[in-house]
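Structure record follows, encoded as structure tokens.
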Amino acid sequence: ACGGPELTKTADGRTALRVGIIPTIDAAPLYLGVSEGIFAKHGLDVTVHVADSGAALIPATVKQENQIGYANVISDFQAAEQGLDIKLVHNCCGSGADPAKDVSQVLVKPDGPIRTVGDLAHANIAVNSLHNIGEVSIKMALEKRGVDVSGIRFTPMPFSDMNDALKRGDVDAIWQVEPNVQAALAAGFTPLISNFVEARPEATLGYYLTSGAFAKQNPQVVQAFSDAMDEANRFATEHPDKAREAVVTNLRFNPEIVSTANLPTYPQGLDRASAAEYATYAVKYGAIEKAPDLDGLF
Amino acid sequence: MTAVHTARPTRPGWLLAAGTVVVLLVLEEVLTRTGVLPADYFPPVSQIVAALLPELAGAPLWLQLGQTLQGWFVALVLATALAVPLGLLLGTVWWARALTRPVVEFLRPVPSVALIPLVVLALGTGKQSELFLATFAAFWQLLVATTAGAGAVDQVTAEAARCYGLTRAQTLRWVALPSALPYLMTGIRVASATSLILVVTAEIIIGVPGLGAQISLNRAGGSPDLMYAYIIVTGLLGWLINTALAAGERRVLHWDAANRGPR
Amino acid sequence: MNRRVLSALLGVVGAVATVAIWWLATENSASVYFPPLSRILETAQEHWLSAEGRADIASSIGNLLSGLVIGVVVGIVVGVALGQVPLLHRALSPSIEFVRAIPATALLPFAMMLFGLGTEMKVFLIALGCVWPVLLNALDGTRSLEPTLRDTASVYGITGVRRQLNVVLPAAAPRIASGIRVAIPLSLILTVTSEMVGSHQGIGFVIVDAQNTFRITDMWSGVLLLGVLGFALTWLFGVAEKLLLPWEKRAERAR
Amino acid sequence: MLEVTNIAKEFPTRTGTTRVVDDVTFTVGEREFFTIVGPSGAGKTTVLRCLTGLAKPTEGTVRFNGKKIVGPPPEFAVVFQDYARSLMAWFTVRRNVELPLRNLGLSAAERRERVDTALAQVGLSAAGSKYPWQLSGGMQQRVAIARAIAYRPQVLIMDEPFASVDAQTRADLEDLLLRVRDETDLALVFVTHDVDEAVYLSDRVAILSRSPSRIDEIVPIDLPAQRDQIGTKELPEFARLRAHVFSRIRAMVNTEPASAH
Amino acid sequence: MLEVTNIAKEFPTRTGTTRVVDDVTFTVGEREFFTIVGPSGAGKTTVLRCLTGLAKPTEGTVRFNGKKIVGPPPEFAVVFQDYARSLMAWFTVRRNVELPLRNLGLSAAERRERVDTALAQVGLSAAGSKYPWQLSGGMQQRVAIARAIAYRPQVLIMDEPFASVDAQTRADLEDLLLRVRDETDLALVFVTHDVDEAVYLSDRVAILSRSPSRIDEIVPIDLPAQRDQIGTKELPEFARLRAHVFSRIRAMVNTEPASAH
């Protein structure tokens, strides 16, 4: 299982790198890194590959078809726990500290059965995927507010279906992330908690990752990517308009919705402390069985 | 084999079909406009068409369409090329059928969705994964159709072939295959839709370029109009493909009772 | 007689051989995605035989059977009708082909809109997927009804329901049966699809959840279960077919 | 009762149409036994199909009791030349014979009785619970005949109904037809290749020319109404009629060279 | 050449088995024209099926040139009673006739020539490019005959091959068979219901009893080898043989009451 596909170089000596990502606003710095020439400056020729879910992204990364992939922190733990050989490379996106600017909200119907944060204790909440970041961060946030989370039910469905499900009353509350939060607000729903920020301010929620084998064989490529992402994340933070534009042009996001959407933070470096805290809660809420070996992951 | 006098849809037939479609579209428009169907998830046709029109002018849509069409075609051809010989064999050789039956029945219900991570790991995120998934799904449907068809050879016809010393290969080609054709052609139309659906699904989930990738992007990007526009393009593609297949079928099966014309 | 026993024996041989090959090929596998069959079987035993697992199976099978039965019945009725009324066939065929080409996953929101998140939505999706192979086979089988039989029916005034039950359906039965054979595994696959959204239970839910959390062995155990169910359902259908269409097989064996 | 007026029938072909029946006119009266003979491929089956309304004549009309025929009238029964394919493989012999009776508003007992009688009449009482594919060719043909007889139609149309039965059974069935006609006031339109049979059974014999066919001649059979296998066939008039019909057919088969058809 | 020794055939039924053929023994020599007659349902088709290896006799053996027959030998050609189903609806008449010739190592030109000749011999030259279902019953039957003749088998097995053709064509085809036999040293096993035909054509006629059947009698036909439709049939010996065979069959049909079968 050593070796893996050879890296190819472009004519001017840059290393070709394929980076897999899911279509969210989180991908903005990656696109900016390409369009602003940041990767080129670091000797990388990055192509972005978009896939709908981690189910396809992680194996493609393990196979080193995408040398770099993306997954949120809980998925990273889960993959590692099941023995997939992955290594985190760089922060992708984070929560910031201002609840008003959180990309993630739990919303309810204004005239529905759930009116207060306390009511959520026995709510049926829509999340995009069970046992994952939504579930863990919501529980974290609620516990910090002193709500008993043992009675909450979660129902999986795509973000795009949640507004209708809430409207019909199939669920009591929905967890939306941008840009869908905007659509949910437009539909007249009331936000109750900003679960990412409230769970842990300044947390890192998603990481770029690579396969362990690739990291071992190409430390300088991984380092170059990491350096480039530092720069790209900084650029995106400094130029939120360009970040918005990047997802509109590259991912064809609806410009109207994106223009009002909150952006995540694009933190520097590789945040291990935040991962450690999430790991504790992930174990507590049963998303993983035991605490991950962070030394192996980082 | 050339077509003789086949029952081609006549002009009124086309008008009728088009008319029905128009009625259904108008119905949808009215239902969404009046709020019987929720318009924000299910946009009225006019809105979808408005979103679709600019796409039609641009090259990207046609490129994506081409990608999807190519995937569909290759997968269907592959599945047919694999399933038809095997199906004829299984339909005519009872012990081969008996030997493989549990395995075949076991593999058929394996959902392609579950296979996606494995396929990506083995084949990557390129076209080949899409082709594998679509071929896999279409293959079983064609296999069942061909096996059933080959088993439905008229007994007297089969005996005539035996009496005149046709070899096994000749019997397969000239007796079992034509007898199985009516089943097979139906199977192809079923499998064609399956192949298209799997190609689009693979595009959605793995991100292989094509109509599916656009559906996925527009869903994530908060543009239900465009998402539906692409779904509609997919549906139209399915309809076009079927129309072509049905026309081909009338030529290939011109001798079948269904196409013999008035008596 | 003899051949039937031999057939069953050969089937067992084929199955055993396949299991053996699978077992040997994966026994020393270290790949997370292709775990050893022994591990899969262990996991399967642990989960599917537990109370929770049995509840998953029960809920899926309930939906599956309802969806399959609805799909088959609607497919036969509509297919047989379209097969005999060319005008109807022509009018509806573009719309039908359009819907047929849309992936079940893309229809999920529509199904949710109509039925909410409950069982009805799942049954609807399963039925909608299963209907096509049955419908097309019933349609084509009806269209190529032996002309002499058609004539016989009209001469003796065998019309209406009597004609459908006594002439058209039996004549199209072999084709319809082949459509149902395609629909059975499809119903299993669609059960998985339908449980991707809004579910807390079911075989599909277990598979998808395992996939999302990278518990690939659990996922394989679900796939294994689907295979076993598919085999069982097809076998049951085979038995039913022999009872319902006795002339088919006997006509062959008689010679 | 049954009037066939100037019917013609064309079939579409690759290059246009072939005219199979050119111009055929005849009438069949009440209780009449009307037989059509003619060379193989002449168009006899085609004429019968037009007669029953199963096929639409390209030109001309068929009327039954003054009403134009567009589909098979309920008063008709037909024995098809392709008898094997006209039986339902999924039903037993009994069920096959009984099926058409279901529309006649008969009680179950009456249906059973009719089926039993008809099967006995064709010598198949013991085969009732068999399936058609378990029968010999001749037995299948007799099932088709039994089905038609049990139906008790006003007009019975038969296309070479005795092609597959042995000579003795054939004679028995011929006499059965005559008896049934006398008992139930049936009209018969009959196609056969056996000239003896045609003359023996019929009131009139129509000779069809080769395709595109016309009526070559309609021969009235002036034999005593009460027919009898031995007596009737010994009559000199029988021999004369037989020879006449036979020579007409022979003339037609031979005038055009075999290869020209 | 062809030896049938004590064959019996049973079919499974719901309650057990029915014995359809009880005990049949005969041999067919080189160039012999051997005919089997018997009442409808006697088991003639069943015997032919065993003869060709299409069915396995429950008891007894069939040998061809000393070798036990297990499947249809390539030297055999068969015209089935159910001729319509033996033709392939998806091939034209030409293709149907030509298909069996492909394994004989003939050039395309030779094949074409054989097909042309055979079609001309049965009077279907003009129908070569039609499909079987576009033909009349009698024409379909002649296609099946043409296919068998074009194949030039050593043994030609025919099950009521002239049931659906008119009398004149029938006579022509009868003479064609005799001619082909003389030209190609063919042996024929023939089933017919027409006693005249049986006597006219055959070297020997075997009479089968009712099912479960045995050979009732094998009648040698001592007529001059050179047969002729008019001359031969006028011979007193012909009339005698004909009457003899006919009376045997009649006796069999009548001994058991019709309803008992």
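We just call them A, B, C, D and E in the order they show up, numbering each chain from 1.
In this text, contacts are C-beta pairs under 8 Å (C-beta built on N, C-alpha and C of every residue); 3 or more make two chains touch, one makes a residue touch a chain.
In UniProt terms, the chains line up like this: D, E = NitT/TauT family transport system ATP-binding protein.
Quantities reported herein were computed from a predicted structural model and do not represent experimental measurements.
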| request: Count how many hops through touching chains it takes, at the least, to reach chain D starting from chain C. | output: 1
| field | Most extensive contact between chains (C-beta pair count) | value | B-C
| request: Determine how many degrees of rotation, between 0 and 180 and to the nearest 5, align the Cα atoms of chain D with the equivalent atoms in chain E. | output: 180
| field | Intercentroid distance (Cα basis), chain C paired with chain B, Å | value | 17
| query | If you average the CA atoms of chain A and of chain E, how far apart do the two points sit, in angstrom? | reply | 82
| query | In whole angstrom, how far does the Cα centroid of chain A sit from the Cα centroid of chain B? | reply | 37
| Distance from the mean Cα position of chain D to that of chain B, given in whole angstrom | 47
| note | The positions of chain C in contact with two or more other chains are 33, 109, 113, 146, 196, 211, 216, 251, 254-255
| note | Touching two or more other chains in chain D are residues 49, 54, 82, 85, 134
| field | Touching two or more other chains - residue numbers and ranges from chain B | value | 4, 38, 41, 117-118, 121, 155, 204, 256, 260, 263
| remark: So, in the complex, the side of chain C touching chain D is made of residues 146, 148-149, 151-152, 154-159, 162, 166-167, 170, 173, 245, 247, 250-251, 254
| field | Residue ranges of chain D in contact with chain C within the complex | value | 49, 52, 54, 71-72, 74, 76-78, 80, 82, 85-86, 88-91, 99-100, 102-103, 131, 133-134, 147, 151
| query | What residues on chain C touch chain A, complex-wise? | reply | 30, 32-33, 108-109, 112-113, 116-117, 196-200, 209, 211-216
| said: Please output the residues of chain C touching chain B within their complex, sorted ascending. | reply: 3, 6-8, 10-15, 18, 31, 33-34, 87, 90-95, 97-106, 109-110, 113, 132-133, 136-137, 140, 143-147, 174-175, 177-179, 181-182, 184-185, 188-189, 192-193, 196, 204, 207-208, 211, 216, 219, 222-223, 226-231, 234-235, 251-252, 255
| request: Mind listing the chain B positions that touch chain A in their complex? | output: 38, 40-41, 116-118, 120-121, 124-126, 204-207, 213-214, 216-224, 226
